[in-house]
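We just call them A, B, C and D in the order they show up, numbering each chain from 1.
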Amino acid sequence: MNKNKTENTLLKRDKWKYGVIIPVLTVVIFLIIWELMVRVGVIPQRYLPKPSELGNVFIDKLSNPRPEDSTLPSNILSSLQVSLSGFLVAVVLGIPLGWFIGWYKGINRFVRPIFEIIRPIPPIAWIPLTILLLGIGFRAKVFIIFFSAFVPCVINSYTGIKLTNITLINVAKTCGASYFQILTKVGIPSSLPMVFAGIRIALGASWASLVAAEMLAADSGLGFMIMMGRQFTRPDLIVLGMVVIGLIGALFAFILSKLEKKMVRWRSIK
Amino acid sequence: MEKIKKRFISEIFYSILSLSSIILLILGWMYLASKRPELFPSPQETWDRLILFLEKPIRRIPLYSHVLDSLRRVGIAVLLACGFGIVLGTALGWSRLVKSTFGTIFELIRPIPPIAWVPLLTIWFGIGEFPKVLLVFIGTFAIVVVNTAAGVKMVEPLSLAVGKIFQANEFQMLKEIVLPASLPAIFAGIRTALGVGWAIVLAAEMLGAVSGTGFLITKGMSIGDTALIFICMFIIGIIGALLSVLASFIERRICPWKTDR
Amino acid sequence: MSVENRQVKLKIENINKTYQVKKSYFTAVKNVSLEVYKNEFLVILGPGLCGKTVLLNMIAGIEQPTNGKVYLDGEKIRGTHKSIGMVFQKLGLLPWKTVMENTEIGPKLAGVKKSERQKKAKNFLDMVGLTGFEKSYPHQLSGGMKQRVGIARAYTNNPDILILDEPFGQLDAQTRYSMQDEILRIWQMQKKTIIFVTNNIEEAIYLGDRIILLGKCPAEIKKIYDISLSRPRNVMDSGFLELRKMISSNMDLAV
Amino acid sequence: MKDKRINKVEVKNLTKKFGDLLVLDNVSFKIKKGEFLCVVGPTGCGKTTFLNLLSCLCEPTSGDLLIDGEPANPKKHNLAFVFQEPSSFPWLNVEQNIQFGLDIKKTRQKDKKERVERIISLMGLEQFRNSYPHQLSVSTEQRQVIGRAFAMDPDLLLMDEPYGQMDIKMRYYLEDEVVRLWKELGTTVVFITHNIEEAVYLAERILILSNKPAKIKEEVLIDLPRPRDVADEKFVKIRKYVTDQIKWW
């Protein structure tokens, strides 16, 4: 029987090789090439900072407010504050609305026309109008992010409800459940996987439109920081900003997927 | 007979409902226009502004060519994104080596929102045509790659078994089974890419351009011409809708077997 | 199938398959040895999920056994082989290809000229009664018709051995009975060795020259029956019912 | 033996038309309280429509369906339907699934607990109590669905070919189990199947439907002792008779 042990350990070694060793190697090589390209001068210093520089720029920026007179932590804090508030409002309003549009024909026919007019307009196109209405303060940015997260939430919870298995609805119907009871007991639970996918998209969208909003109309935040980086030709600040934005975005996605696994664990891993 | 009558009445009731919501929207707009005229142009003003714009171009460029500029940028970028994206996506989905090498770098760069690239691109290439197309490319490329890789990974094991039974070699497996099977996922990617591409080109134009819809809307904002902003938003909305209709039209042509199961 | 001129077409020698699920090992097939005779209709009968399909995949070469060997006409083979065709329970038709493109896939992958392979495919499609459906797509066909395409596709590749994995499991009763007669008719006409897997005793006795009864998971051979009833067999005659009672009493209850 | 049980369900000239396509043509019959009735018929003769009407899932074009004399209504009466496709709720574990019908009917907590426990012990599902449907085998999942239907102590229990996918050994086991549950709980059962042997094995009475538009072709009473032997010569005689009546293949 030891033969099948070797076959499976082979499998495990493969997983280790492809899963860890090669990726780490690739990243190291990537950084080295980047370092050399800038050092040798293939890419001029004013275009791209050296990876080694990023380290001390990061430490310096932690406390030094120059040039946009706000330190990195305060930028991160203001970005998070804006994007999460916009995102949460969108989730709390969007998902139930999607459920009701998907379930009740009346609400669907009333809300859909307006929703279908607004939906194709990208969140960025709303920025000019929002600035005129709400200025460039906190409220304007939150509205832009709310809008960019609201649309995916509504669409996914609407699709989720529409995909409910008709047999399960019939089971509830024969038990004498009312239309609303079927919504709460069958419709909503079976739409959860789609709703979570919608939340993930909404979070990504709100993080992206946050950067746009902060670049166009803001006095603080990561988007504002990299915009200032351009004005003061500080590519190291820009790349630092981009790396931090990327890391936080990836962190959000990771947390959400873990949360989803826990919340929807009944879903068989088909 | 009575059942059909009942359904007829409820049909009317529902269409009245949707009509009333549109009327409500227009009434709300008029009410706002009367309350805050400096912020909200009345529908009448917006219409006049549109006629005015059609006669008097802005910066010697008529309305339609502004829109065409934006569409051209999106078109080129999405085409390139599809070309490269499908190739890398298939490779990522199909070979573990590619996934652990190029895939890792791709995963490093992907979380950075496309618009965050604007400052860097402006330093590198200024605010001409090329950086705008490149920005839309960066945004849409990631989407096509992700969707293609997902499509390739989710090919039914049964279809792969069919390939094995009939002795398909690596290349035939890709051409005859893997790619056709992941076409629907690839098209979902293309449709999203068109939507996202359209949003990014607006952002790129807003942050520095001499032509394009994004430029128009920022110009409207800077001179407080809200009617122009409204016109641009309508146009952007209509084109956004048309792009997704175009995408699903192409999908139906290329995958006729795809019933909306 | 008289006993003397039985010539061994395919032999499998103590085939094992173990999967590793997280930390524990799970054995799906435990040393199965089996001889399949030329042009016989062999039925493998087993309860629900008892590793039948895993055993089948290893014979067909889609899956590698953890250990054990497969011999075809005496020499050892590994992986899929040109002369072993397969019909899958869930049909395995490629939805993006028309009926004709599906049927001609075997010769096409082998590089046979278009006109020649389409002639062969057309001939087998007519054989299974699907003339005129060449251009339609799988989603436009009924369950029974899809399964006929699966059979025509396997025959077009001209295998010596045809493996069918519970092919009629998904069909309703009426289509199932007609498909059973259909496969018998084709088997008698085309003279190929058939390995037919099912969990339905009635179907096994109705079709098989021999029945290999598998036990509960992990799959291992419990008993081998030679069916000497004359053909065509009647499901309700006394010999049939007696045989069925005997086999079902030996069969395990799938967990 | 004269059946002295009272009528539980009465169907009077039930007809169903989809547009001008007549699917069910003027069907009338009665079902006794606690009777086990099997309905057989050729594929596509409208069996499912017949069941959808009995379970009030769709309105008949004309005719009516009475339970205990009143027009059937899922909210007032206690109806249970076991569908052919898998119908357990993926997000509920076995215990919650069995309790689903009782939750809808808002039965008192004490009764609910007691009934669910009874079904779980009767069907031997203790070890699966907390597992989710995707962790169960096909047969266990189907048994849980049947348990859910019986747990509601329904006035009428409708079953649409629940064992279509099972292998013969599992099928015998499940058939014995449903007979045991039926006897123990005295439920009125309508069991649809295309497998005539299964119908003769289970039913006290068999309704044979004709081809489309479905009419009741014949009623066959089966008074064989239980548990019935499929190879017994009287059993085979009845099975042959019913098969000839349908003559669909």
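Throughout what follows, a residue touches a chain if its C-beta (ideal position, glycine included) is under 8 Å from a C-beta of that chain, and two chains touch if they have at least 3 such contacts.
What you are looking at is a predicted structure, and each value in this text was computed from that prediction instead of being measured.
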*Out of B-C and A-D, which chain pair has the most contact pairs?*
A-D
*Measuring centre to centre with C-alpha atoms, which chain is farthest from chain B?*
D
_Distance between the centres, which are taken as Cα means, of chain D and chain A, whole angstrom_ = 49
_Rounded to a whole Å, what is the gap between the Cα centroids of chain C and chain D?_
34
*Residues on chain C engaged by chain D in the complex (per definition of touch)*: 47-49, 169, 172-175, 177-178, 199-202, 236, 241-242, 244-245, 248, 251-255
*Complex contact set, residues of chain B against chain C*: 158-159, 161-162, 164-169, 172, 176-177, 180-181, 183, 255-257, 259, 261
*Provide the residue numbers of chain D that touch chain C in the complex, in ascending order.*
42-43, 137-139, 165-170, 172-173, 194-195, 230-231, 236, 239-240, 243, 248-249
*Within the complex, which stretch of chain C touches chain B?*
57, 60-62, 79-80, 82, 84-86, 88, 90, 92, 94-97, 105-106, 109-110, 137-139, 157
*Going by the contact rule at the top, pick out the chain A residues touching chain B in the complex.*
14, 18-19, 22-23, 26-27, 30, 46-47, 105-106, 109-114, 116-129, 131-133, 207-208, 211-212, 215-216, 223, 226-227, 229-230, 233, 235, 238-239, 241-243, 245-247, 249-250, 253
